[in-house]
Amino acid sequence: MSLQYMVPSANFKKYLPKDYVELVDHGPFGRDASEVGAEKIGTFKELVEEHPMCSGCWMAYFIKVFFAALPNPEDTVTIGTAGCGRLAISQAAVPFIYGNYGDQNAIASGLTRAFRLRFPDRNKDVITIAGDGGMMDIGFSMTMHAWIRQEKFTTIMLDNEVYGNTGGQESGMSMKGAILKMSPTGKKFDKMPATQLAIAAGCVYVVRMSPTNIKRTAKIIRRAIFAAREVGPTFLHVYTSCNIEYSIPTQDVFQDAKDREKDRFKFDEYMTDEVAALIEKLEPKKEKKAAN
Amino acid sequence: MELKRYNIRISGLGGQGVVTSAHIVGGAMDNAGQFASLVPFFGSEKRMAPVEAYVRASNQPIYEVGEVVYPDIIMIYHPQVITHGKSYTMPFYTGLKPNGVVIINTDVNVLNKEDKAVLEKLNTTVITHDCTKMAQDIAGTELATNMAMMGILLGVTNLVSMDDIEKAVKERFLGKSFVASGGTASLDSAIEKKFKKKEALLAKNMEVITAAIDLVKSKGWAR
Amino acid sequence: MSKKVNVGPVGYMPQSAPSMGVELSPEGKGLLYGEIVEEEVAMKEAAKALLTMENPTIFPGPQVLWDWKDDVADKTNAILELASEIPNCRIIPMPDYRPKYPKIDPEAEINPNHPNLTILHNRIKACIFIGVHCHYANLSLRMIRSGADCFTIAMCAFMGHEEAMASIRDVHASDVRRFKEILIQVRNELGIEHTPTMPPPNPSLPDEKWDDLSPADYGEYRHLIMSKKGEHVTDVE
Amino acid sequence: MNKELHDIEYLLKEAPKKKHFITGAQAMSEAVKRASVDMAIAYPITPQSEVMHLVGDLYAEGHVTEYYRAEEELGTMSAVAGAARAGVRMFTATSGPGLLRGLEAIVSWPGHRIPAVLGVLTRVVNAPLSIQPDNIEMAYLLHCGIVMLHAENQQDTFDMTLAAFAITEKVDVYIPVSVSTEGFFVTHAKGYVEMPDEKLALTKHDPYAAPVPVMDNEVPPARIQRDAPVQKSNFMSYLIHSVWQQEIWDSNRRAMKYIYQYLGGPIEVVNPDADVFVLASGCAAAQAREAQRYSANEGLNVGLVKVRAIRPFPETEICAALKNAKAVIIPEHNIEGWLSKEVRAAIPNGGIVVNGPRVYGGMTLPVELIMKEIYDAYGMESHVLQA
């Protein structure tokens, strides 16, 4: 009963900062998505609140939605790597592993197998959530091989098309022609086809999206997690712009995300038949939490 | 107890059973309650390619590991090791210690003037005998050459009894786990096919070994 | 007696106690100033520090703050009993180990990434670490010795801590109670009058009213948490 | 698999044992077989070391619960770190270039408080590529905080590997332990190993007896980041990374008492009253042992110091052992002489250290080379060894 590790000991409840008490009393732990789902953000104690990311950051927004969408936050471990995302992810009330550069999917492979070994009858959700550099450049072989090995966890790539945290260098996911640090005359080759690679490597559920629609975004995240529990590796390729390196005025960040949704981040959902059947089973009506 | 130690280097060609005979020497020492350590050669194992194996035999536990760089005894299973330089160690007597023994499978003179001078200076006992012929004569196959060579070695060192040797030969051919290279393992099975029955193989091998030991006795080569 | 490990501040770059030759005490023994002593000796000196130094504080860690194991209830009872016997005692928890943005409230918690924020802000001169995982306890104890003049006491469920001025190992609820008894005895010897009093609750901000909270409460940031289809908010920052 | 579980002291000391004639690689995997290992992750470095495919066989037989072949060593070592954080007992082994490829992950294990056992079967790492034995790779591990044991022979390999599992999980240690031995000379050669029956095994890993919270969502706090990205800020002290590093080396130091308890101490001294010593670790210690015996036969007062633990480095013990030495000969299987440097820096009279003999690039270390240094130390004329 892992929720227990979230419950303050009776004697010390009054000595804990309110913050921690509220996480259980008003937070999403042990509660149903209908009460504390992503669409209800603002009405319950969130897993991540204050964070050191830039003002108006679309990635920070997505990370808030991501944590609100978790079906089982008390049994979830997130794994990230160097990059902007971890600044907010590390502030969440969910265990977070910050390993070495780009090693998130290798760590997750070990972690997932160890969980399945230790807790064969329980769902422990492992989610890697890292940037385009960590997933597709430095961590590429570990990302791909975890998929090829059919490791059952969810991979989320926060694609801002640039190395944001290190100051705006070209990444494999930058657009061809983009003028960035380390591509002073424009990037010479195309953006890597991440979702195609994922499908080729055997991911059973792959979505490319710009997360403009909270409800849909939350649903996709949950589908990816459920499919990883039962079927195989899942991958979400999410547009999370860098308003600093791409000089997007804060007020235009949302519009930019919508524009991307019309071109290179057009919503695209791929699933195997097995996943389709699973989703059919889990979502008989509108967005209903799976029985654990 | 006085320390007795023979560090032996065996040079031969792939297919001559160099590694197999090293294993049997080791096994015989073990059976005699003595000590031996083997270092299998780690490299290409092809027919007629150079092969080297190293055996240390002693009446006390052996600590050192690795190739035998400074041998007391050098065994040359094929004259081409010397005449054609088919050896990992060139010249063949490299590292030989003073008062050592060199056993060469040949009945012709394969040593040149310089070789002889070096060996003389080291006070080396050089034993030459055509073991291939001996193998053919007794076992009917040159594949038993290694048994003849080993017989000479065991006769010269005189560290084990016939029973110990026979047991070791049995273990090698009838099983009990050992690590063999792919090459030697397939060679063993080739010999087995030739003899059809393992028992026959064993008997013939033992005959060759006995003959070789008798030869050592008759020639007074024993140390 | 020699003091290998003494109250700080020892300065910019502390030398670790183990590197100064301090070793963990064997079972049944304690550590006092880095020397292996009878547990009672260490407990007495620790009690004296808690009774005579300013702002004695107990820092309970995650292992006693949450109800994850059967023995937590008894242990927390014992800790509160102990706290009630220390005049002017406070309880400031160490609820987690991550570096916490933007900054901790030093009156509400202590964080291993910068423990001296809490020690110095509250002028704590004697403290107990209990229920903190050993790795983080060691980091905190050493940083406190580096930058503050605080007598540190480790009550450890495992092998104790070289870095603390007083270290008790294999601590169960019964050991906390034994320490309490020794503390009362020392208090009486020192002639300090005291009626058991519970430390004040956590002074962190009052509860938010979750029942009537709505996105409107988020003001100009509301679009970031609640976007509606077709909505495009321009009047921000 | 149903096994009779015992603590490490029983397994190493009291349990009835049988003698086996096995290779060093087999010795390591036989230790894994008796260590109740939950999971092992492999990457092929065969033929240099067949340890990880032997461990694969253990998995097939049920001695190890989970096992897979990873993409390469960085993936292997990272996954080991992931699994260990989830609270399982981990093992992997590698060699030379594999070790260096995984090094980024390996050197972060101590800081991440990863209790795992790493077999290091040494081989050449310098270009050009070679599969020959050479232990220069151990020099790359010296400064990362990992506990380093160095096995002389097959028996050491077995004992140290088994003990490593106990040491790495001690609450006051909880950093990885590496067991190194020379590739080929030990891994491929057979030696006698006394082992308890394979029905006996080490008590299971208790992930909650740990100095850090295991990341399994069963233990508070929820907001864990065992491996905080630390930088100076108003919410992190300047000191945090420094004291963290200190904690790793303190943990390394604390391993020493267990090395005494389980392995008889970090060094072994033969003939402590000698005036000339041969000091060595790994299979060079076997050659040194032989040289000591030859010397004794020749009436020379030569001693042996075998170093079992490279980290924590037994500085005090070595100083004491060499207190009255006139010369210390340090044979090594690498060109740099990392052990010589360590010893020279540790003892007050570093000048008595004889540099070498050293062999590298796969060459054998003949006892005769050590003997030559011994004769030199006594000012004796040595037999000229022919080339």
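We call the chains A, B, C and D, going by the order they appear; numbering starts again at 1 in every chain.
Rule of thumb we're sticking to: a contact is a pair of C-beta atoms (placed from the backbone, for glycine too) under 8 Å apart; a residue touches a chain by one contact, two chains touch by 3 or more.
This structure is a prediction, so every number in the text was calculated from the model and none was measured.
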Where subunit A and subunit C are represented by their mean Cα positions, the distance between them in whole Å: 34
Intercentroid distance (Cα basis), subunit C paired with subunit B, Å: 73
Whole-Å gap between the CA centroids of subunit A and subunit D: 39
Shared interface positions of subunit D, touching two or more other chains: 218-220, 222-226, 228-229
Shared interface positions of subunit A, touching two or more other chains: 5-6, 90, 96
Touching two or more other chains - residue numbers and ranges from subunit C: 65-66, 68, 95, 98-102
Overall pattern in which the protein chains touch one another (line/ring/star/complete/other): other
All chain pairs that touch each other: A-C, A-D, B-D, C-D
Subunit A residues touching subunit C - in the complex, by the definition given at the top: 4-12, 14-20, 22, 26, 41-45, 50-52, 55-56, 61, 64, 87, 90-91, 96, 212-214, 250-251, 254-255
Residue ranges of subunit B touching subunit D (in the complex, touch as defined): 3, 30, 37-40, 42, 60, 62-70, 94-96, 98, 118, 122, 179
Subunit B contact footprint on subunit D (complex, rising order): 21, 23, 153, 182, 184-186, 188-191, 283, 286-287, 289-290, 293, 297, 364-368, 383, 385-387
Complex contact set, residues of subunit C against subunit A: 60, 64-68, 72-73, 76-77, 79-80, 91-93, 95, 98-102, 105, 108-109, 199, 201-202, 204-208, 210, 213-215, 217-218, 222-227, 229, 232-234, 236-237
Subunit D residues within the subunit A interface of the complex: 38-39, 41, 65-66, 68, 70-72, 74-76, 78-88, 90, 104-105, 108, 112, 215-220, 222-229
